[in-house]
Amino acid sequence: MMAQRGYWANLRTGLRTVWTGLRLTFRHLKQARRRRAPVPIWDPSYFRQPDGQVTIRYPHEAIPVPDTGRYRLHNHIDDCIGCLKCARVCPVDCITIETIKAVEDLGTTSNGQKKRLWIARFDIDMAKCCYCGLCTMVCPTECLTMTKVHDFSEFDRDNMVYHFANLTPEEAEEKRRLAEAAAARPTAPVREGASEKPAAGSGKPAFAPRAVPRGQSAPPGQAGAPATRPAFAPGAVPGPEPEQSGEAEPKAETSSPQAEERKPTPRPFVFKRKES
Amino acid sequence: MGSGMEFFIALLGPVLGVMFVALLVASFIALYTLAAVYAERKVSAFIQDRVGPLETGPRGLLQTVADILKLLLKEDIVPRMADKPLWVVAPFVVFSAVFVGYAVMPFGPELVAANLNVGVLFITAFAAFEVAGLLLAGWGSNNKYALYGAVRSVAQVISYEIPAGLAVLSVVLLAGTLNLQEIVLQQGIGASGPRHLFGLPFLPDVSALGGLFTWNVLAYPHLLIAFAIYFIASLAEVNRAPFDIPEAESELVAGYHTEYGGIKFAFFYLAEYGGMLLVGLIGAVLFLGGWHSPLPNLGPVRLADWTTGPIWGIFWLLLKGFAAVFVHMWARWTLPRLRVDQLMYLCWKVLTPFAVAMVVVSAFWASWR
Amino acid sequence: MATVYEIRDWIVERFGPEGVRELQLERVIPPALVIDPARLREICRFLRDDPRLYFDQLMCLSGVDYGPERDQVAVVYHLHSTVHDHQIALKVIVSRSENLEPVVNKLEYTRIGPDGEPIPNAEPPEAPEADFGEERVEYVTEYLPAVDTVSDIWRTAEWHEREAYDLVGIAFRGHPDLRRILTCDDWPGHPLRKDYVWPEYYHGIRVAY
Amino acid sequence: MSTSPAAGAARWAASDPNRVRLKDLRTEEMVLNMGPQHPSTHGVLRLEVVTDGEIVIDVIPHLGYLHRCFEKHAESLTYPQVIPYVDRMDYLAAMNNELAWAVAVERLLGIEEDIHPRVQYIRVLMAELNRIASHLVSIGTFGQDAGAVTPFLWCFRDREHILNLFEWASGARLLYNYIWIGGLMHDLPVGFEERCREFVQYFRPRVRELNDLLTYNTIFVERTANVGVLPLEVAINYGCSGPMLRGSGLRWDLRRDDPYLVYPDLEFDVCVGRGEVGTPGDCWNRYKVRAEEIEQSLRIIEQCLDQLQRGVARRTADFDPQKLCPPRVVPPRGAEVYARFENPRGELGFYILSDGTEKPFRVKARSPSFSNLSVLPEISRGAMLADLIVILGSVDIVLGEVDR
């Protein structure tokens, strides 16, 4: 194999190319005295930085994220009209929205659209999010945006669920009551993703034993917490309206300590999720 | 320092003295390894346009200390199917083989732990013994990758002993001694007998000049080729790229030390870096004037005289050794890895013939002189 | 470069009118010939070796399940000639429920508890230390619709046929190594079947989602 | 979990899909399991290697460790929603995948010809940039497989600039969802074309540097030339494509031979393995094809930039590529298409069958790596263990695409 070009020619080529390589790497070794500044790509000097070290010392310095950067989602809930378009377009179903029909006037969004629904729940599971940005593109009021925040790691996966709704559970319950009273027909909350299996609490009792202890241990000082949870208890007969007592109500909470206890809520698995 | 140490040895007896020196050398190797690992990381980083360790300590200097602490604190896991005695003893065999080599290394005038008259033989013998440890490690791990690494390393070391040995032989023939200290002494000021520039009798005698010109590679120019051969072979002996076939990361994961962790792995590391320095030092002793200064006496400016002494000796020798280590690193981060058969080709068909030629030249030179 | 009509005519000329059952042109890119499953191998060999055609490359082999209503599965071969630079699609449509072929290649997996009873997969273990039981593996025979293999004509087909077997559940008669390729060896069912039931547990691991 | 040996053995049996049985081996043979966790399998691929010493007797690849059933997902998603999933197939060349999916669906809809020229040029520009990025990874990891670590990091250094460009244009660094059916997510940011041109200028010397360090290095040549020779007829029969096929000497590039978008208007050479060193079809020639394709891609990029800055695809105020996308993608019932595209790794084909709804009835992705990998056992028998790594590196697989 080596004797392809003759012994001496090979030897000469070998020495030459090895020397070329060594010279090249030595040049880089010398260049290491200089280093690139972490300039953004839109800076005209981006490709005119000196040769040398290129590493960015990340926590200390970072390349600025462009304005188009698609990272953490943010919802400006005041502008949300609860149209569910984002939840429907999401390929991974990481957005969960519950709305309640409003009887009173909710005003308009900042771009003049009429708001008709209370947003009892607007959760985005950023752990599931695939950052495709489709939800921000379909949003009619442009309230759902992807921000430039890209470093938001958490120790607990549950903290990756972001709650954007601005109603407390009590408020949500009241709105729901009002809505039911106002309308002759019952307005069950629309729950995207879980719509096929309404009684999730009764459908999967197997998960309840895991759900309850974790929820209890999380907020130790909360007196009211256990009261909302009996629907999850093992073997408990689901209430007459498991949807509201077991599912919807605790989920509509927004404050963070209570947020933890509703995380283990079983999410019924359905492969075909978006039946139109 | 030399005389102080002699006094010390005479006072406390040879055993204690040997232990002290051993401890000194061992702690030196450990400290040097810490520095060398750091240097390797920095060199590789700079070659690759990176910054290297920076966060632990000032300029990342404590990174290797942190790593060694991590290794020391790690759980000592023995694979269930391993051949335990062999597996346990292997890293220590490997390290000892390297460590023993330092015993005969002349660090300065009168500064040698064991002034053996067969020092060259001793050092090459023990360098070859290292492979026994690697084989134990590979076999004892009971891991196929480790076994591959061990077998490859045995094949490699056996091949590379030959050109390396021949290159050493070409020096020994000219020096007429196997004593490392004497070989060094011949290469500087105070060398007995005339020593002509480039070994040619019509050129001036440089034995009084000292410095660079009395080194073997300049006194006998063909030894430059011998030195190159020795250097390449020594790269292979310590399993460094482009001859890191036994631990080829992309093929054999980590070769013979795949299964090792914690303190045992640290010993392999010590052995590797200790070995790098050792082969560099041997090269310096045999070819580059050992602990002699490269600065010549120029008339009244007696640079060679001024820069000779025990401290200077350690300084110059280590400088030469570190330079060799740097070249090892430089080559490692430049060149791809050879395949086993290509390594054999390089050894048997390129290096060995040239080494034989150098021995022949040396033999003629020695008899003619 | 031959047109699809020419190709059809040549096949018909060689294999008779039953050789090509249908020519699909409308909204089908590239045009497809529905051919007789029984003569698939002959036709493929002809397509590859005939100097006018030289379909030397099988670009893609796709298994398609038309669902239980239509009760058919198809294998679609997209052929291409690097010599003449023309393309064609071949389709073989076979029944989904008749003339099934037994395939003994699937591992059935059960967990046997300490009492010797199989542990149902529905419940995850309470704690990691709990006895998870032993695994028992059995071979079972499946009955699948079958098509002749073309893996000896185009070697591309070897893996693509394995994939079609794995995901769509089509057996390939004469395939040298018909194993599952993408899913695990003991995966239940064939995921791209339209009536596929998504399992909730696999080896006691919840796989939903 | 039970820790008794019997239970362990049973567990082993269930998760032991080894093809080679101990009783089938000769005495001197040994089975080496390479992967799924191995530095050189480029992901989670398992190779069951039967070896006789250093010689490889047989290789049996085991796939599927990264299988997520893309095709099943695609059946339950609308056409535009599939794009993020397509991104994740060949995650090193997401733009090319998106382009392939978008054009395939456009062909299914019959609107392929109506795409705005600026959209087309931007797509080609992005695809070629991503081809460079992908080839850089391929070359770098190939060098690393051969033991040279430095080229790998140099390649990544330059790839970073491309990713920065992509992030600027699309907002994401790796999985872009930028090329949409009928249009794009948005227009290029102002100044993008200039920066792109600077990138080309910056990058050309870096390619030369890379050639100096790696391509013509004797050790590298010795390691790769005449290793894993893939004869042309075998390559065609196994359905190899892309640099695999061109490395074997066939001048075959879908951008030229089955063109899509504006590729017919662009000037570029199709690089083939010429056997400059070694023989056509060996690892070095496959590598070289990739290295040369980088330069051809730079040429294409320059032509695209000419058009985007001054030519038919100039920036106009009213250009909104998002508005060009059809609001609902519903192909006619029974329509089916097999569309193929030149990805960095070869021919990416999508077979899409529509049932007249918003969701495809069946999608089959013919991924280049899948077919390219299938030839691995054929060309690595008789090679040495170290060669197997190099051959695998030269096939340049992306497991996300092999397993889908």
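A few remarks follow.
The letters A, B, C and D name the chains in turn, as written, and every chain counts its residues from 1.
In the analysis below, a contact is a pair of C-beta atoms (placed from the backbone, for glycine too) under 8 Å apart; a residue touches a chain by one contact, two chains touch by 3 or more.
Everything numeric in this text was worked out from a predicted model, so none of it was measured.
A comparison of C-alpha centroids places D closest to the centre of the full protein.
Looking at A-B alongside A-D, one finds more C-beta pairs in contact between the chains of A-D. Distance from the chain A centre to the chain B centre is 56 Å, each centre being the mean of its Cα atoms. One simple way to say how far apart two chains are is to compare their mean CA positions; for chain B and chain C this gives 61 Å. Note on chain placement: the centre of chain A and the centre of chain C lie 37 Å apart, centres being C-alpha means.
Taking each chain's centre as the average of its CA atoms, chain A and chain D sit 29 Å apart. Residues of chain B in contact with two or more other chains: 47-50, 333-335, 342.
Multi-chain contact residues of chain D, defined as those touching 2 or more other chains: 150, 157, 213, 217, 219, 222. Residue ranges of chain A in contact with chain B, taken from their complex: 1-2, 7, 11, 18, 21-22, 24-26, 28-29, 31-32, 35, 51-55, 57. If you check the complex, the residues on chain B that touch chain A are 43, 45-51, 54, 330-331, 333-335, 342, 345, 349-350. Here chain D touches chain C in the complex through residues 1-2, 6-7, 10-11, 13-14, 17, 19, 63-64, 67, 69, 71-72, 75, 107-108, 233-234, 236-239, 250, 252, 257, 332, 334-340, 347, 349, 351, 353, 362, 364, 366, 370-371, 374-375, 378, 403-404, going by the rule given at the top. Chain A meets chain D in the complex at residues 1-2, 10, 13-14, 17-18, 20-21, 24-25, 40-42, 46-48, 54, 63, 65-66, 68-70, 89, 91-92, 130-134, 137, 146, 271-274, 276.
Those residues of chain D lying in contact with chain B across their complex are 30, 32-33, 38-40, 54, 143-150, 153-154, 157, 213-214, 217, 219-220, 222-223, 384-387, 389.
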